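Both of the next two complexes hold chain A, though its partner changes from chain B to chain C.
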Partner chain A sequence: MNELRYVYAVTRPFDGVLPEGVRGLGGEPPRLLDHGDLVAVVGAVPAEDFAEAPLKKRLEDLDWLTATARAHEAVIGAMTTVTCTVPLRLATVCVDDSGVRRLLDAGHDRFVTTLERLEGRVEWGVKVYADPQPDPAESRPGPAAPAEPSAAPASGRDYLRRRLSSRQAREGVWERAEALSRTLHAELSQRAQAAALHRPQDSRLSEARGQNVLNAAYLVPRESSQEFVAEVGRLTPQDRGVRVELTGPWAPYSFAGQAGQAGPDEAGASR
Partner chain B sequence: MTAQPTDAGPLAQRQLALVDLLDRLLAGGVVITGDLTLRIADVDLVRVDLNALISSVNVDVPSPFEEEESL
Partner chain C sequence: MTTPNRLPDPYGSQGGGANLADILERVLDKGVVIAGDIKINLLDIELLTIKLRLIVASVDKAKEMGIDWWEDDPSLSSGARRRELAEENERLQRRIADLEAAPARVERKDDEA
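After this line comes the complex of A and B, so read on.
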């Protein structure tokens, strides 16, 4: 079968072995390809999925994309437990091992710089949601709860008044969510070595409650993670309509591409 | 760097949300040309397609907020 080389990540040569039981794409354990002072973490993948034309189609298949993304992440996650790892963009594919060597040559300086910049650092994700209608199942009677939420309105005027106050409550939630996002981002950026903003997530994809207002990532020294997490907790208000979500620690995906982000020509030497 | 097993991290305690993963895998990571590379540098394309996919799946599910917003 025609096989291609999928490149998950680049590291420096390291003592030790890949963690046991790591499975990448197709359930295959990844392999280390040494080249000079860099190592590529690679796997064999079928050309019928990963050649350019089929890949384009495959990427629109959510199930396939999900499986591929999870396999990619599994390898990166395992690698970061043994050494500093620069993750590559999903679906970086070469024809064979010599193609991978050319890729390492082409990106050599950039990989070395990025490895230095990311050494010992992890990424934390922080999201803020505005949720004007918190899940009733999760609601606890609190100070913000209306006194008689289910009583029938006594008159049309009561009804309108209630509609108005519920609309005002919703608008208040938005304002609070946006104010919180600004504060969080300002404070956390100061504690982080770098910050990146992702586009707010579409709730149809995330299936999360409420509307995502802030979707940020922060690069934090691994040893300061505990403080960073505590800070997020400290800045998180008791507010049923505004929710903060923390994810991590991630491999520093959101920071691997910065400072020398490749334009179409930058890595042209691999041609 | 301290070797820390992945399953000690909070992430391992629940499955990673797909969207969080895609934010990072499609918009993060080093972009470099492999000799066969389909450029995913412009992930927006992929995303747009995904959004179209999702909304076509969910087209029959009305948003619970719309009715109130229009008042």
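After this line comes the complex of A and C, so read on.
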């Protein structure tokens, strides 16, 4: 007995089947475990990775964490295409099917409330980046060393003038990015049933160009998704220094925690 | 019964090439927290703490620029206070430029001497 049950998500019983070709952890297709009026989306995982002690070690390994996070998201993303899905946080693990049933019992009322609230809705992510140097040939301005790769300035005055003009250009981009973020968030919040502002992302992790200024999530009815996407396009300016990025549709991750024990971030989300 | 076919095709970084930060901030920081049989607190994981800090690190940079509005209701944040910060920022930057310029002048004097 060296297999545990990894629980990806909770849904209601639904007509239809799991999307074909979905692979979760270990390349295994997930399985549906019915229990009363709820369904857990589960997968068998090896105890040598997912028991408490090894799991703690594994989670410190970025490659393993990345693969696990992607598999977790892949299953939840696929479920979202067929039914309303409440995503669980990464690494929710039970010892066996009875453990999963206990988990469903323990969280029953929360799951039912959350499913009702999220039924027919998906999450869209909208980010705004300020990119003062949109030319990829130029390096990003580091805070410590604003290196000038071009010819050396002829004089100290030249140098200062050059620094001043590049700083003014950067500030212009920041102002436009902030103004756009406000407009986008105000307009999109009106079209969404809920909105959540996340912390801006660091480019070392996202590997995105420029500086993330707005990182927002919107809860949108499935049937309004096309209009929502079109609205984002309409509000996106032609601006080399300011970029808008749309991601989704996601399972409603950013809105799943609110009814339960909301973390500080969820609690602060605007509605 | 839902109508999955009405959904537009995935945008942006879904799928294989997904932005790791987008995925991590959702699967680690969002979603429903419920205890399974295996007790694990993601906040105890050192790497996760570091990585999550990475996700939020840029907030400091943005704060320097006076863009801190996501921390409060936008309607509560005062434009006047921001202008004040911008002015102070400009004053400080001018002061830094002056200070940085000072050694250059000294050098030139040395040359002339």
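Heads up, the rule we're going with is that the second predicted complex is superposed on the first by the 234 of 271 C-alpha atoms of A that agree within 3 Å, B and C clash if a C-alpha of one lies under 4 Å from a C-alpha of the other, contacts with A are read in each partner's own complex, and residues count from 1 in each chain.
Note that in this section contacts are C-beta pairs under 8 Å (C-beta built on N, C-alpha and C of every residue); 3 or more make two chains touch, one makes a residue touch a chain.
Note that this is a predicted model, so its numbers are computed, not measured.
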Looking at the overlay on chain A, is there a clash between chain B and chain C, or do the two fit? clash
Mind working out whether A:L197 is in touch with chain B, chain C, both or neither, as first, second, both or neither? second
Report for A:G24: first if it touches chain B alone, second if chain C alone, otherwise both or neither. neither
Just chain B (first), just chain C (second), both, or neither: which does A:R222 touch? both
Check the residue A:E60 against both partner chains and state whether it touches chain B (first), chain C (second), both, or neither. both
Regarding the shared-chain residue A:R163, is it in contact with chain B (first), chain C (second), both, or neither? both
Name the contact category of A:Q133: first (chain B only), second (chain C only), both, or neither. first
Identify the partner contact of A:A78: answer first if only chain B is touched, second if only chain C is, both if each is, neither if none is. first
I'd like to know which partner A:H185 touches here: chain B for first, chain C for second, both or neither. second
Report for A:G43: first if it touches chain B alone, second if chain C alone, otherwise both or neither. neither
Enumerate the residues of chain A that count as touching chain B in its complex and touching chain C in the other. 4, 7, 10, 50-52, 55-56, 59-60, 62, 65-66, 69-70, 72-73, 77, 81-84, 86-95, 99, 102-103, 106-107, 110-111, 114, 119-120, 125, 163, 167, 198-199, 201-202, 204-206, 208, 222, 247-250, 253-254, 256-257, 261, 270
Which residues of chain A touch chain B in their complex? 4-5, 7, 10, 19, 50-52, 55-56, 59-60, 62, 65-66, 69-70, 72-73, 77-78, 80-84, 86-95, 99-100, 102-103, 106-107, 110-111, 114, 119-120, 123, 125, 132-133, 163, 166-167, 196, 198-199, 201-202, 204-206, 208, 215, 217, 222, 247-250, 253-257, 261-262, 264, 267-268, 270-271
The answer for chain C against chain A in the complex is residues 1-4, 6-8, 10-14, 18-40, 42, 44-48, 51, 54-59, 61-62, 65, 67, 69-70, 73-74, 93, 97, 100-101, 104-105, 108
For chain A, which residues are in contact with chain C within the complex? 4, 7, 10, 14-15, 50-52, 55-56, 59-62, 65-66, 69-70, 72-73, 77, 81-84, 86-95, 99, 102-103, 106-107, 110-111, 114, 119-120, 122, 124-125, 143, 156, 160, 163-164, 167, 174, 178, 182, 185-186, 197-208, 211-214, 222-223, 225-226, 229, 245-250, 253-254, 256-257, 260-261, 263, 265-266, 270
Give every residue of chain B touching chain A within the complex, in rising order. 1-6, 9-11, 16-41, 46, 49-51, 53-55, 58, 64-65, 68, 71
